[in-house]
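The letters A, B, C, D, E and F name the chains in turn, as written, and every chain counts its residues from 1.
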Amino acid sequence: MQNLIEYEQSTGLVREIYDDIRLTRKTDDINNFWKAIAHHPPTLQRTWLMLKEVMGGPGELDPLVRELIYVAVSATNGCHYCIASHRAAAVSKGMTEGMFGELMSIVGAANLTNRLANGYQVPLDDKFKPPA
Amino acid sequence: MQNLIEYEQSTGLVREIYDDIRLTRKTDDINNFWKAIAHHPPTLQRTWLMLKEVMGGPGELDPLVRELIYVAVSATNGCHYCIASHRAAAVSKGMTEGMFGELMSIVGAANLTNRLANGYQVPLDDKFKPPA
Amino acid sequence: MQNLIEYEQSTGLVREIYDDIRLTRKTDDINNFWKAIAHHPPTLQRTWLMLKEVMGGPGELDPLVRELIYVAVSATNGCHYCIASHRAAAVSKGMTEGMFGELMSIVGAANLTNRLANGYQVPLDDKFKPPA
Amino acid sequence: MQNLIEYEQSTGLVREIYDDIRLTRKTDDINNFWKAIAHHPPTLQRTWLMLKEVMGGPGELDPLVRELIYVAVSATNGCHYCIASHRAAAVSKGMTEGMFGELMSIVGAANLTNRLANGYQVPLDDKFKPPA
Amino acid sequence: MQNLIEYEQSTGLVREIYDDIRLTRKTDDINNFWKAIAHHPPTLQRTWLMLKEVMGGPGELDPLVRELIYVAVSATNGCHYCIASHRAAAVSKGMTEGMFGELMSIVGAANLTNRLANGYQVPLDDKFKPPA
Amino acid sequence: MQNLIEYEQSTGLVREIYDDIRLTRKTDDINNFWKAIAHHPPTLQRTWLMLKEVMGGPGELDPLVRELIYVAVSATNGCHYCIASHRAAAVSKGMTEGMFGELMSIVGAANLTNRLANGYQVPLDDKFKPPA
């Protein structure tokens, strides 16, 4: 398990990113995820700037829908840290317990049919093929 | 690759499900997926009833959001049939090209951070732990 | 896509393994899988000896059950080559179309519940924990 | 982690499903999995009815073989809860330690060859292709 | 399948990124991957800048090793496009056929032992645990 | 969780393999992984001989590069035991913290682009296709 770089220990680029996380998230609290990957500052910087833009930047999908998609991927991959942290983020953006149940039922169904489609080696319908 | 049971060849339970698919989807066209798994009628029946309810039944998530989640899981698993068919379904429910781009960028970011969280073995923050 | 080393082109260790495959499988036909990985003879040798033992050696699981397990894993991973080749092997060992349908329905159900267990972060029951 | 709905707290549809689980499994004990997904009663109902039929209904595959397949998928996906609970179920249906070892060796071999087939991009043999 | 945005059709940010790809890769040829994701310019920009830095920027790992790692991940995930394109990139940076064989044998072995470790639920050795 | 077969308890083939592990690794310490799979001696033997050859035998890839590839696969699959044990092995063979950061950034980037290539269903460039 990775030891963590706390805010007080941070300097230079790491401190700069930590400050931007605090400002953007409007809380002094910084998730362990960032404190772990801070051991490689360029990864911290790239990952934070990507997430900030993808999850919080302008776009057609609203913030809650973005979090639902994030949880769906994380549950499919079995990443416990990401499930826990993004489920909390989704709740803070309005996810009800009923929505979470619906989300999980879709994730389950998709994982099931993905394997049926693979296992039966279903040929693609002409209507789904690209125009020549 | 699986040979397909066409509507004209179907009988009994398979015909019954095919008729329900046609009625529900409001089209005579039946996707190859159903025609392939029809070789095992109980699987056809269970899978159809599940999808009908999960993707089209009452709930808090709107139909487009449900399809976005489906595509997110299918892209993560690399199921080409499901990506193609549910991307088409999402488009029919209003997904713009911009939304698809945002969806893919979230799916990509989640797949990336899932592996960083795994690789760095990030310990769960206390605030994400369940109450004792 | 990998070019293939045909039997007639094979020499040395590769020829030796090819001969063992023919003898063991009781056919002159050698699957493309072996002809592709033959580009790295130690991988060909190790993989063949492992499969020969795991799938055909003495054991408590009968040959058909072993193939069902193989197909289950391959469908879960979405490996099209392995699904096609091991489905054929399962059929040759007695898998009926009904059995394949049951197999797929179990694979689908397990993939679904795996994600529910992940997504809901279900705590392990005491009875499933190891004795202290 | 998900808090659990205990039997004593359950009402309505959840109580009904819990009673069916107890009756079917012939034990008062209900696994945490069901107590977690009970937060979304339709998911509880659908998942239980599917598992009851797929794992315990009539069919050509015997109950132990079904559990072996379940464990194979769960080990491939790395779902710890499902590995632990279905390994216990398999043991209760007759899986010996030797069978578990064979199962794991097949799961391992399939996961290895799935990647060799992917990595070498092995072209499908004509004999595995569907008839035109 | 995604239609592609050719260089001649590109404008604005997409043209800018295409020009940087050409300059960096020292070829007028642009891979289909970029031409597909160019439908969402911010994804094109973010992904290109990330890859340019991660695969070609300064660092302790040499360019060939980086490509080997890329192929290992892509083979594990079964992404055919990425396997083909990064295998070609690895060859251009010096990967011999022998190295590819070794790479695949490591990828296969890791995928096998990952499932044995999961399936046997191996407890972490004290020496691998973080200091208290 | 699997109980472990300690060195002192081992006999026959298991003892023989344990002795070879000690000799090869130049330490009396045997990782829990081997002590867990020792419950099925043929799996222990096959897995050990494979790893000994693949990770330590002659070849063009140096030992550190082999470990980096192993960690990349294990992080992609989310196998915590294998991440922890092979990260330690990589450190013992010279992996710096900077190298680990670079490794993780490549693993993350590949997992991201694998999904973009899947999701956009990018058609393979002619130059990546095999000669006719």
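Before moving on, here are some points about what is shown:
The working rule: a residue touches a chain if its C-beta (ideal position, glycine included) is under 8 Å from a C-beta of that chain, and two chains touch if they have at least 3 such contacts.
Computed from a predicted structure; not experimentally measured.
Touch-path distance (fewest steps) from chain B to chain E is 1. Contact with both chain B and chain D is made by A, C, E, F.
Although chain B and chain C share one sequence, what matters here is the overlap of their interface residues, and that overlap falls short of half of the numbers used. Across the assembly, the mean Cα position most removed from that of chain B is the one of F. When chain centres are set by their Cα atoms, the one at the greatest distance from chain D is E. One simple way to say how far apart two chains are is to compare their mean CA positions; for chain C and chain E this gives 27 Å. If each chain is reduced to the centroid of its CA atoms, chain E and chain F end up 19 Å from each other. Put simply, the C-alpha centre of chain A and that of chain C have 33 angstrom between them. With touch defined as above, residues shared between interfaces to two or more other chains in chain D number as follows: 1-2, 37, 39, 42-43, 46-47, 50, 54, 76-80, 84, 98, 102-105, 107-109, 111-114, 116, 118, 120-121, 130.
The touch graph of these protein chains is complete, with an edge between every pair of chains. Against chain E, the residues of chain A that register as touching in their complex are 1-3, 42, 46, 50, 53-54, 57, 129-131. Touching chain D in their complex are the following residues of chain F: 1, 37, 39-40, 42-43, 46-47, 77-79. Those residues of chain E that touch chain F in the complex are listed here as 1-2, 4, 29, 31-33, 36-37, 39, 43, 47, 50-51, 54-55, 59-61, 65-66, 68-70, 72-74, 76-77, 79-82, 84-86, 88, 96, 98-99, 102-103, 105-107, 109-114, 116-118, 120-125, 127-128. Residues 71, 75-76, 78, 80, 83-84, 103-104, 107-109, 111-116, 118-121 of chain A are the ones that touch chain C when the two sit in their complex.
Interface residues of chain F facing chain A in the complex, by the touch rule stated above, are 78, 97-98, 100-102, 104-105, 108, 123.
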